Amino acid sequence: MASPTTANWRFKLHETIYESNTPAGKAFDVALLFAIFASIVVVMLDSVQSIHNQYGKLFSTIEWIFTGLFTVEYILRLISIKKPVKYVFSLLGIIDLIALIPTYLSFFFIGAQSLLVFRALRLLRVFRIFKLGQFITEMNFLKLALKGSIRKISIFLLTVLTLTVILGSVMYLVEKRENGFSNIPESIYWAIVTITTVGYGDISPITPIGKFVASVVMLIGYAIIAVPTGIITHDLALAARQKKELPESCPGCGSEGHDSDALFCKFCGSSLFK
Amino acid sequence: MASPTTANWRFKLHETIYESNTPAGKAFDVALLFAIFASIVVVMLDSVQSIHNQYGKLFSTIEWIFTGLFTVEYILRLISIKKPVKYVFSLLGIIDLIALIPTYLSFFFIGAQSLLVFRALRLLRVFRIFKLGQFITEMNFLKLALKGSIRKISIFLLTVLTLTVILGSVMYLVEKRENGFSNIPESIYWAIVTITTVGYGDISPITPIGKFVASVVMLIGYAIIAVPTGIITHDLALAARQKKELPESCPGCGSEGHDSDALFCKFCGSSLFK
Amino acid sequence: MASPTTANWRFKLHETIYESNTPAGKAFDVALLFAIFASIVVVMLDSVQSIHNQYGKLFSTIEWIFTGLFTVEYILRLISIKKPVKYVFSLLGIIDLIALIPTYLSFFFIGAQSLLVFRALRLLRVFRIFKLGQFITEMNFLKLALKGSIRKISIFLLTVLTLTVILGSVMYLVEKRENGFSNIPESIYWAIVTITTVGYGDISPITPIGKFVASVVMLIGYAIIAVPTGIITHDLALAARQKKELPESCPGCGSEGHDSDALFCKFCGSSLFK
Amino acid sequence: MASPTTANWRFKLHETIYESNTPAGKAFDVALLFAIFASIVVVMLDSVQSIHNQYGKLFSTIEWIFTGLFTVEYILRLISIKKPVKYVFSLLGIIDLIALIPTYLSFFFIGAQSLLVFRALRLLRVFRIFKLGQFITEMNFLKLALKGSIRKISIFLLTVLTLTVILGSVMYLVEKRENGFSNIPESIYWAIVTITTVGYGDISPITPIGKFVASVVMLIGYAIIAVPTGIITHDLALAARQKKELPESCPGCGSEGHDSDALFCKFCGSSLFK
């Protein structure tokens, strides 16, 4: 029942919020990123005890302002899109909602405000800034290459996890509880810390046999780190050779006619490169 | 002397247990993986002192049930295969047996149950799940590439080990016992921790000269990590170019006629890509 | 109004100071590098309390001598170049000035001498020694390849930073203040320490859930380290294939006619490969 | 003046000791490697206090036996080679001597025996075992590729070192003595520990600014580790394409006619691939 004027108005709003080809769209994206960034900095500073004691009330006010702004943005997104339900249940839609709820929840539950840290998830929108620059081609290129690597990397990660379960269990037997390997999950945690070469040192082998097993784990980790690298290098070369075309239609809603530099569907917001 | 019916029955059993082309085979594989996974989770949880105190008896019962199931599986594997001795002494056969013994040993020896952690080795069967998906080509590809790299990686690891023995010995002289480098094996352990960039910090240099030597070790480790990566990347590219054919016959038992996506011999269970 | 003799004299001085084709230019470069290196060693040794107590006065004298020499060098650079203002505000020009100021400042402010550590920045001139050897081609090659990678590496680093903000925030919620994750910036610092596989161990997870999240962070870090490597390897191969020509004119001052092995503009000192 | 028989005897001795084509040569190599390995194990075990207390005298006897054997070997090497002086001052010749001296020195100086750890250097002979197997081609291939990378890796390491000096100096200013960064060399050590992602945690930043600088150092280290990898991968591909021929003559003594799988000159012992 929307009059042409309304449709026009909604279309313009959609273009401003969901795309960045028009000057208004660019301005909106930059302003939104700035707001997200500022709101996260406030949450961060508020988490520092000494700063909180001094500026806690100021921060609380600012958080309410940002929550207000983001609520308006959320409502505008709902209004201007064709299928609001799709947006609400899309990844970005859920994140946008999660960024709002904690402030409102703090009316009813003490401590709910601490959930505000999830507002950091909105940072994922930061990748839109590449749409503003000349990074778009390189980003699509990387996405294509990594998409080709996902299966091989999965096999690799599963192998590493299996290894850590086995090596962690062995270490639990070798080092025993007294030396910090208090149970098998803890020992597996140690194996992951070691095989990824992180090496906190919060748990480390004490007995000679334990140190020998640990050395083996380290050398394995040191040698197999090469595998994902080889895979990705190989798939980058493949992707460069093939330079696949953009998908004709959105894998989310089937809509067509996306711009050649589009990363997300302009109708439903889901990634075009899934 | 087996009647045709028995042969038929054994053949079907073999197909179900050792392969996964048939619906029954797939179901068996999935069920087995689930059972292995569940039994390992139980062993893990039982190793946590607080959980053991509460549910120890329940876990003990569950472990007996799993051991019973795996024993039945082991017997079925023995019955349905042509050459049971080959299976018993194959890697997977030994692992299957090791997963059973500890529970039975616990009748005779106190603490034998702790050997149950070796049940984690059965996780190696997890790679069968790739037969169920579309990972098979990529897995074979990785296997071929890594097979080509093994010799070069061996040379690399031997070089690293020689370096750690020499650098560890030097560090033992430089830092002396008082600073944690209590003997040469310990110093070699430190050198491995350092050259692989794990860096627990349980042993770290104290004297200026020691810190200098350690810096050299770190920079060596940082620079030579590139070598295995280069090797594997190179061999991945080679493997992609050559795409060698499947071996005609099993290197274990010489049998032929394996499916194009087979990873293990369907008669003796040994890897077709050794 | 410079007489031909003056012009000649300035030209020769310019050639000696800014280039290294002539014997005098080579000698100047080597002498300068030696002086920079020696002055930095003095600053380093002076920072060691015990050595400072013994030789503090000697070091102070030596620092004045080096400052005097570098001041003369700075003035000669100003005199012999066509556009002194350009040099003063170029990166190398600013560094050269920063290396001088602290000693003079120490007249007026106590402690200003500690700023002498910035003299280490002059070490950047060390890359001139490659002009003396046969490293020039390889260095240009690397520069070209890395220039091509910068955008992709930027995308990668932004992704890593976004991940650390999100994962650090999550960890702050999971582990709480009591376990060392005292605020969100601290937790982000922990996430960077972990995802880059450095792993100091000054902050490490205590609770089981925290250890699980940390394991995920480590595995992510372990898997994505492959991405920049793949990118650079790929761009090295590209650079090798294309072997782009030297730029015709200096991007800084537009001057032409640079030697084929020139890295910096011989007139304004800015990099030819920006 | 050597009679033909003597010449013949010396030639056979030379072939046995310096080459491994003949059965006698192979046997000698294997026996020597075994002796080196055993002697190093004895030195290692002797460094463990508790084992030394029990078996110290036995170990001392064994060390004398090994020293005797290696002395005989050293003399035979001197006799059987054309130019003994060249061998004495070659790398392997010096190592062979260093492995002998400490035991004899222990007559005159107490503690000289601790220098026995340098016997570990003889492990470098372990690479001869590749002559016995089929590793020779791959080893030569790796050597060629790495030779091509050396200059680029040098540039990389110099860049990293310059960075660590600068970043370490900055950190010294930021964190001050009280926080463990007690002087500039110590801070540079910290920067190396961090940029190579080793991360012992013996020194780690305390102040917020220090943690920020440290984060930057880590991200730099994480990103630039990709550079040597890219270089080596690239040069492996180059080496595979070019497969350069063996050098016609030894770069050490100019002699010709080496076997196609020779790694070291059979007359002077210097590497053929320098």
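Note that the chains are named A, B, C and D in the order they appear, and that numbering of residues resets to 1 at the start of each chain.
Assume a contact is a pair of C-beta atoms (placed from the backbone, for glycine too) under 8 Å apart; a residue touches a chain by one contact, two chains touch by 3 or more.
The structure presented is a predicted model; accordingly, all values stated were derived computationally and were not measured.
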Response to the item:
Chains adjacent to subunit A and to subunit D under the stated definition are B, C
Worksheet entry | Residue-number overlap at the subunit C/subunit D interface, same or different (half cut) | different
Discussion item. I'd like the Å distance between the centres of subunit B and subunit D, where a centre is the mean of that chain's Cα atoms.
Written reply: 32
Discussion item. Give me the residue numbers in subunit A that touch at least two other chains, ranges are fine.
Written reply: 156, 185, 188, 197-201, 225, 229, 231, 233, 237
Practice prompt. Would you mind writing out the residues of subunit D in touch with subunit A in their complex?
Written response: 197-201, 229, 233
Fill in: subunit A - residues contacting subunit C, complex
40, 43-44, 47-49, 114-115, 117-118, 120-121, 123-124, 126-127, 130, 134-135, 138-139, 141-142, 145-146, 153, 156-157, 160-161, 185-186, 188-189, 192-193, 195-202, 225, 228-229, 231-233, 235-237, 240
Fill in: Touching residues (chain side subunit D, partner subunit C) in the complex
151-152, 154-156, 158-159, 162, 165-166, 169-170, 172-173, 177, 182-185, 188, 194, 197-201, 204, 208, 211-212, 214-215, 218-219, 221-223, 225-227, 229-231, 233-234, 237-238
